[in-house]
Amino acid sequence: MMSMKKLKIFAGALAASGLLMAGPALAEEAKLDTGNTAWMLTSTALVLMMTIPGLALFYGGMVRKKNVLATMAQSFAITALMTVLWMIAGYSIAFSDGGSLNSFWGGLSNAFLVDMTKDKINGSIPDSVFMTFQMTFAIITPALITGAFAERMKFSSMLVFMGLWMLIVYAPITHWVWGGGFLGDAGVLDFAGGTVVHINAGVAGLVSAYVLGKRIGFGQENMAPHNLVLSIIGASLLWVGWFGFNAGSAVAADTSAGMAMAVTQIATAAAALSWMIVEWMLRGKPSVLGLISGAVAGLVAITPASGFVDPTGALILGLIAGAVCFWGATGLKHMLGYDDSLDAFGVHGVGGIVGALLTGVFARKAIGGTPGLIEGNAAQVWVQFEGIIATIVYCAIATFIILKVIDMIMGLRVSKEQEIEGLDFTLHGETVHD
Amino acid sequence: MMSMKKLKIFAGALAASGLLMAGPALAEEAKLDTGNTAWMLTSTALVLMMTIPGLALFYGGMVRKKNVLATMAQSFAITALMTVLWMIAGYSIAFSDGGSLNSFWGGLSNAFLVDMTKDKINGSIPDSVFMTFQMTFAIITPALITGAFAERMKFSSMLVFMGLWMLIVYAPITHWVWGGGFLGDAGVLDFAGGTVVHINAGVAGLVSAYVLGKRIGFGQENMAPHNLVLSIIGASLLWVGWFGFNAGSAVAADTSAGMAMAVTQIATAAAALSWMIVEWMLRGKPSVLGLISGAVAGLVAITPASGFVDPTGALILGLIAGAVCFWGATGLKHMLGYDDSLDAFGVHGVGGIVGALLTGVFARKAIGGTPGLIEGNAAQVWVQFEGIIATIVYCAIATFIILKVIDMIMGLRVSKEQEIEGLDFTLHGETVHD
Amino acid sequence: MMSMKKLKIFAGALAASGLLMAGPALAEEAKLDTGNTAWMLTSTALVLMMTIPGLALFYGGMVRKKNVLATMAQSFAITALMTVLWMIAGYSIAFSDGGSLNSFWGGLSNAFLVDMTKDKINGSIPDSVFMTFQMTFAIITPALITGAFAERMKFSSMLVFMGLWMLIVYAPITHWVWGGGFLGDAGVLDFAGGTVVHINAGVAGLVSAYVLGKRIGFGQENMAPHNLVLSIIGASLLWVGWFGFNAGSAVAADTSAGMAMAVTQIATAAAALSWMIVEWMLRGKPSVLGLISGAVAGLVAITPASGFVDPTGALILGLIAGAVCFWGATGLKHMLGYDDSLDAFGVHGVGGIVGALLTGVFARKAIGGTPGLIEGNAAQVWVQFEGIIATIVYCAIATFIILKVIDMIMGLRVSKEQEIEGLDFTLHGETVHD
Amino acid sequence: MKYIIAVIKPHRLEHVREALASLGIEGMTVSEVKGHGRQKGHTEVYRGAEYVVNFLPKVKIEIATTEDMLDKALEAIQEAAKTGQIGDGKIFVLPIEKTIRVRTGETDRDAL
Amino acid sequence: MKYIIAVIKPHRLEHVREALASLGIEGMTVSEVKGHGRQKGHTEVYRGAEYVVNFLPKVKIEIATTEDMLDKALEAIQEAAKTGQIGDGKIFVLPIEKTIRVRTGETDRDAL
Amino acid sequence: MKYIIAVIKPHRLEHVREALASLGIEGMTVSEVKGHGRQKGHTEVYRGAEYVVNFLPKVKIEIATTEDMLDKALEAIQEAAKTGQIGDGKIFVLPIEKTIRVRTGETDRDAL
């Protein structure tokens, strides 16, 4: 159902037939499309840019000044660590054929990318490009989680947590949806990662926020974002980079990519306006943080839908997502009383769920081949719901266990003194001097 | 005469013949070029990046610290609002066939993008891509205007103004030049928007500066740019993104795009050096703001010329533009005595006019098909002049009326107290904490 | 041996046969590949982004606050100046056929790009694109050098130095390796510029640091980086842009580009982790500056290797490069006692040498056509060594002479008062106001 | 000699400097401070979390002056700093026992 | 009247403000400063270069108060600012000769 | 006890700190300030608009000290801060009536 899966299966078939291994056969050369490859090379760069510097800035601007470097360092270090782990095992777990266990994971047959010969083609692009494109997804998803426990986690424990989480949670769920696993087979629609990336990261964030507990002084001290200029730059680069995320998920420079880009732009804009208007009406002022949070909410919500809905569907989806995520990051958070510092769950979790469900509502046969509720296919909403639940349950349990184990072995939080003095100096020995 | 127009007419013809509506016919599939599509997807991302974060930073660094978030919020909110309005009506007004009124506007037949089926091809790229690419132009043009009235306009009135301005001024003028209207028919050369984007935004800025009046303390208080680091980042991203703007206006990854990129780079560099040298000689020091302003002036001036001139023409054009815009942002402004806070007119208006005229001078038959003055075709300069005048007159009058009506209904300026305290807190309830 | 050279020779042959000059002949039209062109247009934008704002920020964050604008202005002004000089003479020197002297330089036959007709094709892309892509390399190489003499050089002398250096050192060495000169003929492997760009810039930096002498107060005063937030953004944009640098050096959107992107990502990540771990073990804390420096070291080291090694080779190469450059920027620098302010030599020089040598070690026949030491071809290491030595010797001598001559004529350093007050105000008349 | 400490609204600084200059008083040292008083702070809301910013931006001017200039100086500052609205600030006068100019070692009146 | 200058740890500011408010003391002026004392600075290492940061972030509070409130104010500050660890800071009391409210021209006690 | 306020050029701070340390004076509080005096500001030009920056960056050092150390301290500061050029700064001495160490409640001489 998803373009990525389709592609993978196609490549798998080719591989099975031995064609891909046959060296520079003519048949393969014919397969590579330079236009599609050009777009996927570009998309990979765009998605990398979403994490560094995009997300690093988005989050870095929202913490207190004493933690800005440490917060940005998390995104940067995650980029490095996930790259290596994806190469070693992640890609294999997510996108290989897992044999009898293929419904659940892809196994380790492609560990260290042993199958990725230079001339291996995946669909119409080099396998090296598909691998790297997917790698950037395996980078940003853990990085999104860091927003939930900002300003209080040990750097060492954070690295261990993220490494395990990517291999144990992210890579398998990716396999379920895009790698030939059971959710893809069930017909769950997730064009670019609403479930795989955003619900997943959001739920992991929520669990982390609970397990780590609140920041010292939460609710009493002034924890206002220290410099929203950074966050605006970050949100802007997220928006721009998201074209690679969504339109890149077409794995081609075709009409599907084009429509994905158009609806991404429309839904994002609608969500930014929607959050702005709701906040303006309820609180009297349209905050800048609200405006950019709304945009991110729209980007999150349109992610699963981007290959399936039309512009009008995207407009409505965006309007809904902006308003619901406003509630997620303000009402819901205060109701439940956890300290999800930068709203990883409030924006990515809530936005991801809204988007996944609305994909089932607004999907159009003429766009992505599958009709949704508005075209009479109510069942699709139910399928989407199953995908959401499977992801939430597995992610929540696994994340909880990983965190608890790490906590027992090496602890999760910095000391009280470190938290008060700030992580920039206490963890990294550096400060911003101005 | 312009690549964009050509493309449009071609698509129009196809549409008229019913081919485009015929679903996934073979004929259409053959039309899509993945390489061209890849480049246009990329160009769209690049032009979006010009506004957010590019222009937001360029302008944000130049205001006083108390207004930095509000200034950046203008670009961000405009991005969201124009996206939705372009989808609702702007694209239709600019690029549809307006029937009997086609010389002046495109009508509303394509409102809400009803004609934009997924597989509709426009030239050799998906219509969805062309629509989104053009959308990014409809975003940056209003955003450019905000430089003229920075630090004093109400956020609400700004949104209303920009929405009306885009629909009443920008979309129709785009139609005149690129959408099949009278200026394109007259042979005006405007490859990427010197007239449509820059003269238009510059003149609207000038009118706004007059209508809104000067900032409190203008000429007495210290209004030095608070952080040129931001402006350097912004100017750099404008430069990089402008490759999408100019080379993207070829609507293909071809020799026209390649030459457009080369001349853009050369003219920009020449203008940066030219402003730097003139300032160094006249004022004793080469300022950083001068260097980046010169680069932007070069980018503006080469915009209409980028598909028509050769490298040497670009070099000379850049050298002239840098020096003339130096005068525009220093001499002219002080002569006329308006407070165009960030020189929307001095750089974009003046640079746009210089560029449009010099396009008529340096155009070469071997590059864009049309000879200019240096190849003996003096008439082209006159045609260019007509295009400039038509744009200035319509834009100035319409902008003035829109502003006056808004002023009557809801006021344009913030209160004196708000202006003194700063717009970040008074309009958005936020401040930069460092 | 190198893709760039291959391409050039191919184009040369075409040119010689008169085809390229023949106007829009059918034969040529057939040659242009829109996918390859799309990727090279994009790559050019990406490499430009590496210098502005990438390198400008990376360096700008590391200096003291009083010099941040001046430091960023160097990268920006260099971008403008090199563009114009490359158009005037650099491209001709580097990539033309120099006739009897072709082993050493390309001559001036293509000065002012007189041979670059609009429809001239170079391999499968427009010559205008190849010229501009290479221009961005001629921009970043001098800009890298500025790190060595940051915070003390006159802006005027810096411009003169860089102009001469690019024409006298960079363009000829580029010709040696990629333009048909003796190093390319000797079989030196340098996919994207390890020798041409990084060793070259690193050595020129080392010489500059010696000739200019230490900063006032070096070793006593606090010269801590004033704002590593800027440096993190810069390093991130360098990483993202480097995809254009390395994968773009395939001059096509093919499997070579794909593999180059994959190994670039892997080596960079490995080097970031490697520097981080070594520093963590030796100094007790993983610094943010270390993390980003490690990433840049990895990018540098994989540059020559990126078209020749496989993922596992890249992983090992990255791990080695991170550790060795850690030593280069900490141990070596203090041993030798020069003040290479921002480690142009410690990172780019050392990393470039490590990368060039390891290219000879890890090259695989299946990837780039040439086997390295691990596949039994020990000779390749020797060839690499020759390339390194030739570059170091010529670059060091020429750089030294250029600097000495400029010093005699106009001086190199700012006055003591200027250095103490800071270059932002004393050279450019501006300061950061916050 | 007396040490005047004046806490005023930031945008009045230039007026005060000019007013003092017209009395021939050029020497002063200025710093950015935050003030709390009758004029209370404001509330900023970030994603639903309210942060009360109790302190408002003010500028503190410190001026060492001789007794004979003191009253004129106080008057000038007061007039130039006044907007008539709450939060205009305060002036405090403290005694100075000794003043030295670093460059020359001159003291007291000569040091100003 | 007396001028209290208290140099404290930054994260105790809010406590001190509240403690003073509960005594009815609202007026104060605050600035970010760097302190040096028994509590020494720290060392930052950038690419092998060690920079000793000799000064630590502190907050300076200045409060003009009447004699009768002085002791209570000092006590309140001391208590609220105290963490018991080195670097908690100092309080200095200086004499004020005159106080003026800019807005009204009121002086001394009335000016607070 | 005395309260020394020294306004100096920023790049002399480290010298002054060392000079005082060699006298055994470690305690001090430092802030970034802007100064105006004989040494006038400079003019910045942005796109033709001239902005006179009337104030120059200075560093203010505050040191509470006992009478017996006062003269040595003043001398040390003066020497270490001096460059001989205009704008070197001033030193003011004010009386302190009371000093308290927050951590222990010790007062006066013991509080330093």
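A, B, C, D, E and F are the chain letters, set down in written order, and residue numbers restart from 1 in every chain.
Basically, contacts are C-beta pairs under 8 Å (C-beta built on N, C-alpha and C of every residue); 3 or more make two chains touch, one makes a residue touch a chain.
From a predicted model like this one, the values you see are computed outputs, not experimental measurements.
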**Q.** Contact-graph distance - origin chain C, target chain D
**A.** 2
Q | Length of the shortest touching-chain route, chain A through to chain C | A | 1
Q: Spell out the chains that contact chain C while also contacting chain E.
A: A, F
**Q.** Option in B-F, B-D or C-F whose residue-number contact pairs overlap C-E by over half
**A.** B-F
Q.
Suppose each chain is reduced to the average of its Cα coordinates; what separation in Å results between chain D and chain E?
A. 17
Q.
Could you work out how far the Cα centre of chain A sits from that of chain D, in whole Å?
A. 52
Q. Taking each residue of chain D in turn, which ones touch at least two of the other chains?
A. 14, 31, 44-46, 53, 94-95
Q. What parts of chain C, by residue number, touch at least two of the other chains?
A. 33-36, 38-39, 42, 222, 224-225, 233, 253, 283, 285, 287, 289, 429-430, 434
Q) Chain contact graph: line, ring, star, complete or other? A) other
**Q.** Chains grouped in pairs wherever the two touch, ordered by label
**A.** A-B, A-C, A-D, A-E, B-C, B-D, B-F, C-E, C-F, D-E, D-F, E-F
Q) Along chain E, where are the residues that touch chain A in the complex? A) 11, 14, 42-46, 53
Q: Name, in rising order, each residue of chain B that touches chain C in their complex.
A: 33-36, 38-39, 42, 46, 65, 224-229, 232-233, 235-237, 239-241, 243-244, 247, 252-259, 261-262, 265-266, 268-270, 272-273, 276, 283-289, 291-292, 294-295, 310-312, 315, 366-367, 434
Q. If you look only at chain A, which of its residues touch chain D in the complex?
A. 222-225, 283, 285, 287, 289-290, 293, 329-331, 333-334, 343, 346
Q: Spell out the residues on chain D that touch chain F in their complex, using ranges where they run on.
A: 3, 14, 17, 26-31, 62, 64, 94-103, 105, 111-112
Q. Which part of chain E faces chain F closely enough to touch in the complex?
A. 2, 5-8, 31-38, 54-55, 58, 60, 74, 77-78, 81-95
